[in-house]
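The first chain written gets the first letter, and so on, giving A, B, C and D; residue counts start at 1 in each chain.
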């Protein structure tokens, strides 16, 4: 009786933070000060790309957070703290997004791209830590199936090398790093009912 | 048991995004820097009109989202993704609203109005896609009544030509486009209990 | 079964809008650009007073909204629309608050105070309309007690002349209008369990 | 039946305010105007420290708010008002945070640090008032265990001298005050399952 209440309020708070962070991204879209309007808007294309990638990233994080909580029956203070760290990272996303959209076409392209990709890498690590903590020995899961948990762990772990590759690419050729980030966002956004079905019952 | 939980968290997240986007519109209302205050405020009338139309648009989108979910019993990943696209569009609304209110009285009136109306058209298309996906063969509906679903589909589809007309009018005479947008907002805001009653039981 | 679901999502959306509007007020508190810091902060006292009055006003509106919904069992489209109008008014509150705090110590004091008080008056009217619509013939109430409904109606109606008085005072002596607004906020914030008990069961 | 509904909506509203306030902190992170980007970002370190401490502070406040409501079965108007005061304080947190991060490296370090620490002290007092009001004679608790309530009261009370010490230190040596604030945030963030277990069942 107690546990579901704990979970539901933690989910509600997390949903609020995700929803606000994803909506605050719009503050980065600036109305051009000078006409011609259409040229000025088209000239801002890096802002739109950064907006889109960050929106998809937060959305996918939320979708996976949502799915993770379907398996979770209890929370403890350590898990709340790990969740808090994830939320800290999510609320900050508009910041590297602004940095990227301001500097992506400048000489500082490499630094801006590395910060952007690096932040996503940190969030992928954080998300994995949450799942590992919750799933080890079925600590917080509603029903323990160690084989299944291992499958999910393996799937989540893919996020870390992928985002690490995007981070490393920033130092080689920044556009490739951004392209990989966009591709990852699209890839993770594509529904994968079939793969998920054994897990989601 | 699982499905309602999924729906309720998706609704909660969507409600959060709608609520934040509708509230962030206020950031577009700027306090005049220079007196006389009353003149400066009255001079800003396009800002208020844009605020009002966008507020009503988001509110009506929310009301229809709310109604759609009354018929929906399940969600899958594709539906979550379509819902994510709709939310992407909703969070961006403050941006074309700012563009409109800044440029509606300038030479760039046509471009600003076309962007504003065009965005609403995209959202109407997106909303229709969601309903079509959910209702085809009763995929996600709580109980399938193909005749009824067709009626609703037809009703929702009216949104697309209406907003397309508003978009096209922007290139002919911008004030007419804005007037049509305002009229659509008011029209859709007017309660239609009678027409809805067969559907809503 | 259907009705409570409708109410709960309307409440959740409204809560979100109230919560965001009340939090966005903080954006009006500006960090002084120039030292000495303490003097600069103290010099901003009208900003803090406006913040406090507006915060209390939105909080009390939320508390009363909360109480009203305890008696309401159903919603219809007209009620959702009236609620939407109230939310429109609530989301705008940060705007007259900014106007007041910027102009209260200038020559435009009267205009700024009249706009501020006038907005609160409009919201009091809007809130009354909602209650009147919901309570007439017990239209949306969970159980109809026409005598009790009349008592509540009378109590709510007090808000209109009070806020009208504050509005009118703005044209006579602005500080008195602001003082009345602050007093009303404090007065309505004071718990009134005893008076409420017959109504709240 | 009535009471849980009251509590849940108060919790939902509070969750919304906490979630928004914690997310609005990001607006304080400014993208550097001038390259070199990395130097400019590193130069902003006080902004990040202030962000982190404030984020943890709000997160911990939310976690304790969450825990407090697990013991609370009813709310009354006075409690709603005290909760409103706490929320007022929480929504303002981004403001002293901005003040601190702007002035911490200037001559005004002492004033900025005192304002920052003083605000946290006020919030600790406010939180204690809420708990004292709710727990005295088990007024709003789900089940009354006066000994247990006294234990919790004692534990919460530690917050007041701790934050008072941080406030007082600001006048002696500002860095020590900030370090204590950070240490308190980390200390309260560390899970304390064992100590809590008697209380949380």
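Just so we're on the same page, a contact is a pair of C-beta atoms (placed from the backbone, for glycine too) under 8 Å apart; a residue touches a chain by one contact, two chains touch by 3 or more.
Fair warning: this is a prediction, and the values are worked out from it, not measured in the lab.
Novice: Relative to chain A, which chain has the most distant C-alpha mean position?
Specialist: C
Novice: What's the call on chain A versus chain B, same or different interface residues, using the half cut on shared numbers?
Specialist: Different, since most residue numbers here occur in only one copy.
Novice: Suppose a student superposes the Cα atoms of chain C on chain D; what rotation angle should they report, nearest 5 degrees?
Specialist: The C-alpha superposition of chain C onto chain D needs 90 degrees.
Novice: Can you compute the centre-to-centre distance for chain B and chain C, using the mean CA position of each chain? Integer Å is fine.
Specialist: The separation of the two C-alpha centroids amounts to 26 Å.
Novice: Could you put a whole-Å number on the gap between the CA centroids of chain B and chain D?
Specialist: That pair's centroid distance is 37 Å.
Novice: Would you please write down the residue numbers of chain A that are in contact with two or more other chains?
Specialist: Chain A, residues with two or more chain partners: 12, 16, 19-20, 24, 27.
Novice: Would you pull the chain D residues touching chain C in the complex into a rising list?
Specialist: 2, 5-6, 9-10, 12-13, 16-17, 20-21, 24, 27, 76-78, 80-81, 84, 87-88, 91-92, 94-95, 98-99, 102-103, 106-108, 111-112, 115
Novice: Tell me, which parts of chain B touch chain C in their complex?
Specialist: Residue positions touching the partner: 11-12, 15-16, 18-20, 22-27, 29, 31, 35-38, 41, 51-52, 55-56, 59, 62-63, 66, 70, 189-193, 196, 200-201.
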